[in-house]
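Okay, so chain A shows up in both of these, paired with chain B first and chain C after.
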Partner chain A sequence: MAQYPERKWYTGMLSTEDWWAVWIAVGFFFISLLNIWGIDLVGWMTYPTKWVFNPPEGGKGAISHAFYALGKKYSVSAKGFYKGLGWWSVIWSYVIFGAALTIGAAFMKWNLKRFIGGFTLIYFMTIATWFIGHHAFIAATKVNMHKYGLNFALNLGGGGSFILALIVGLIIGNFFKGFAAYLSEAAKPEWYIKTAIVTLGVKLGYLPIKLSAMSQKLGKEAADLTFDLFVAGAAATVVAYLIFWPGVYVISRKIFKLPRKTAAVLGSGISICGVSAAVATGGAVRAKPVVSIMVSALVVVWAVIELIILPGFFTHIWPGTKDPLVAGASMGMAVKTDGADAAAGELLDEFMRTKIEVETNGAVKWPEGIITASAVMTKVWIDMFIGIWAFVLALVWVYKFERREGERVPASEVWHRFPKFVIGYFFCWFFLLAIYFGPGQAGAPEAMPFLKTVKAGAVPVEKGMRKLFFMLTFMSLGIITDFKKLKEAQFGKMIWVYFVALFCFIIPVAIIIGYLFHHGMTLPNIAQYVK
Partner chain B sequence: MAEQKELSGTGSLTGEALEAEDVLAGAEEWSSTETWLVVGSFIVAIVALVIGMILVPTSILH
Partner chain C sequence: MVIYASIRHDGRHWVVENDNFRVEGLTLEEIDDKVREVVRKTTPETRGQKVQVYMAYDNYAIPQWIRQYSSHYFDRVIEF
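Moving on, here comes the complex of A and B:
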């Protein structure tokens, strides 16, 4: 029974990335809610805006305003104070987020000296790429480039910064390996993205509040849409999941003649949820540790390749702006790490919103975050199944393939394999929905002053903190991704299994199932309510 | 060999384990349990697909 050590239900609450993503994101979320009582302790969160070297007279884009504290725009009780922070908000964010993450690192017993040094460098490199990525030439669209005195822009929106962060990270990870090794203690894409995903729950809960400020009908529409995504995502994921795993298993066993355990770990890694599924399945079927490591490395590298290819493919080839939520849901089922999926969803969100705005000459604008949410929703459901599937496989291996007298698999394994950050994601979402439908009176005009205070707290978390953690994820993902691994001889066969399974099976099936459950879902048009 | 590198939040993976035995060779015969696992999974998927498309209001059946 050494395989299943005695663990309490609360084991790991202070020592795992999953739980620390919850504590940090939910902690800032609760601090943000103090705005309801007139105390704004989150308005310092920094955010970039588009800039140019020589802004036109009366136009936008001064470098001095390239970073600002979100409280400057949204605070109800301390707008004046936060207005004065400007670029200093970058330092405030570094100190406060750095302190929060260091507390988590300390509880997880990481090397604090290396973590603080690594985080400091990663943070400021991230800020630098965020700044460069918001040069109007990169981030402006055809619709708004003239405000910055430009006649041409790359139309990348905020997505340009993500790509830039990934490129910088990949350069460090592949050409400056000593430096990458130093940064590795703080290059934790899974931790950063899990924290960002919890704050995405804040985003989902906040959407109806945001749209209610435009019109009560829009707010209701947003609440209904996010619930529809929740239900459709669950159904699509269950179906996809039960097709992916056996399909990849058969490909591995029948075409590539791999042993059972290796095929099982590959099946989970390619079809379910990448690294954590590979590790969970490796443990469940008692595969040699090298199998989980190889699959995990492949998952990370292929996820980055998917991240580069799929958002552009879905935006410009198919389904385009006709079915943005089919694209988002398919992304969630096809990209195999939380980090790469949420990042790809965010990229897709930026690309799609920019494209629809350009296509309609500004007549249609979609609210930010819903397409990302559709990608994350399917991924979150998949994450929840890791524990269940690892449990099923453990049963099959223990009771069928490697039957040993008297061995039992404890049911608590399901809980221990459950991705805990999902709890934080749903908690924040439903908490804000309860506020919206409760004291917020579903966006009724008389409740708007109250909802404005909720908004003052929610925006820095769902916008500033979420985007910053996405940026940290991209940078860290690049830093830990070593393309040389693909060349290593031992990976040769597995690279081909992964390639065939991913592009000939997983992605097409994900697109079909995404289509079956999400085709025709539309996003609310907010063009008449925003500048 | 490779330096220690944590690949997930579990903290259980180390690069030393890459001192690998060949895990890609020695495939066992396909067994009936595998057929049961694969076919069973596909059947449950089809049942879930039909039920899901009937129940989920955003599916193409609606």
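Moving on, here comes the complex of A and C:
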């Protein structure tokens, strides 16, 4: 359906996934803040815990407690009510998140019948993999496996669930294509991950509050570290842009002899930020949309291959637990698409935290989420620069390469291409920081009762909602990834350009830049404060 | 004077349209020529005036699976 009215700055606020990620995540964030006034409306959010079929006497892991409502642990005003939910929290989460997402889908004019059917199946398959992935054999470490009566465990932490969800999704996407097609209306990894990234903003703002409960000094360290990541991520991203794009463009043109427009679109897809960059660049150079669509199809598959390889590589080969934030930042620059990158960052976070705990026999424990944040931070900067980059490219193209009489490039393009979910991410982060430094008195002991009420709201959002949306992302990524697409003849040379550019240029350079800007940053050790 | 229209690519042609006109062309140059001609013809009040045609890419023409990654292709303006 064509649209004729003038495109305003607010166009798309109710009709794009980008904005709906903001409305949903910020909406739940605001509802969570009602805890400050003693109203807990978010404690129902479900969360898994490790389980075994036969828990040892006096040990942990009963199946009946495998899922619980987070309010059971963190609520200040309704702990008793949420304690009684147990497995029912799975249904509460389905109904409430399902309703919120369906409202978004309705505004975006999707097929609601198919969306609701697809979401229901994806949700319960996700819960099933989350449950299986939390069997203590998969999720426990050698430090805590004895509590579940085990003598051996895979040491995968929460990463096992992510891997399982991805595997199940890939099986559906590659072997049950009819089923995958039915689910496609609700298999929206980018929407889910953008929502999860906004809740990651809640996580970043909440970290100083969380660590303040352990010690005021740790809280301040966490606030400083997240700000350092913010600055280092921006600097690393600028350097990456200046090196990546020209490098891939030259590889495409000189070695593989691709046409100029295809090289430009492919250059952005491989080097900057996958699909969104490929679409932005395609538009900037006035290419026929089919070029961006082809590159995007390729990017989606390659990004999942990176997601499978890189977290394990960074954890077990290099840099390992010596430089976890170098690994995270490099991931953000190397893995294309927000979904695959944030998912890879989350997997890396789980792997690294589990590994350091195992290596030190529990003497070192890192707070959850900072490594994920380092992977997302570089990606968020990259996303924000896409609009500016595409605008510059459009100026060069329209005024130099393909000059057409009377054509000009509207400056509003920068805003229309701006990733709106980033606004929600920074908003939640800085809002909670303002609470921490303001009424929270930077974690002073006298402010702790107040900060406890903030925590009661923040935890279900930054932990329960974020993890659930990450799980939905992994499952959906698998469902929409069809490896057979790589065989399609139309991609021809592009597959090889992608392979050569990614593994021989992008990933090594991302590691070098990540090292230069993040080497030496350390994570706070919270082992003495947690069980 | 500013005239708003949508632009999309149907797989073969660029298509520019609004409530008053619809033009198709294989290249953007061809489209621009046709737009100039049709605007002068269908909107007499533009004669002797500087006209700006703002073409907003029709987001619904972007495949739905891609829209979640990026929902904006391009907007372009021609002046004559």
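Here are some notes:
Throughout what follows, the second predicted complex is superposed on the first by the 525 of 531 C-alpha atoms of A that agree within 3 Å, B and C clash if a C-alpha of one lies under 4 Å from a C-alpha of the other, contacts with A are read in each partner's own complex, and residues count from 1 in each chain.
Here, a residue touches a chain if its C-beta (ideal position, glycine included) is under 8 Å from a C-beta of that chain, and two chains touch if they have at least 3 such contacts.
Here the structure is a predicted model, which means the values were calculated and not measured.
Of the two partner chains placed around the shared chain by superposition, neither chain B nor chain C is touched by A:Lys203. Once the two complexes are overlaid on the shared chain, A:Met494 sits against chain B while remaining clear of chain C. Look at A:Lys355: by the touch rule set out above, it reaches neither chain B nor chain C. Look at A:Glu413: by the touch rule set out above, it reaches chain C but stays clear of chain B.
Look at A:Trp191: by the touch rule set out above, it reaches both chain B and chain C. Legend: residue contacts after superposition of the two complexes on their common chain; A:Lys50 is shown touching neither chain B nor chain C. In the superposition on chain A, A:Glu405 makes contact with chain C only, while chain B stays out of contact range. In the overlay built on the shared chain, the residue A:Thr16 is in contact with chain B and with chain C. In the superposition on chain A, contact is made by A:Leu242 with chain B only, not with chain C. Overlap of the chain B and chain C contact sets on chain A: residues 16-18, 184, 190-191, 275-276, 279, 288-290, 292-293, 296, 480.
Those residues of chain B lying in contact with chain A across their complex are 3, 5, 7-15, 17-21, 23-28, 30-31, 33-34, 37-39, 41-42, 44-45, 48-49, 52-53, 55-60.
Those residues of chain A whose C-beta lies close enough to touch chain B in the complex are 16-18, 108, 181, 184, 190-191, 194, 228, 231-232, 235-236, 238-239, 241-243, 245-246, 249-250, 253-254, 257-262, 275-276, 279, 287-294, 296-297, 300, 396, 400-401, 480, 490, 493-494, 513, 515-521.
Residues 1-7, 12, 15-18, 110, 184, 188-191, 274-276, 279-280, 282-284, 286, 288-290, 292-293, 296, 337-338, 394, 398, 404-410, 412-413, 416-417, 480 of chain A are the ones that touch chain C when the two sit in their complex. Considering their complex, residues 2, 4-6, 8-9, 11, 17-19, 28-29, 32, 54, 56-80 of chain C touch chain A.
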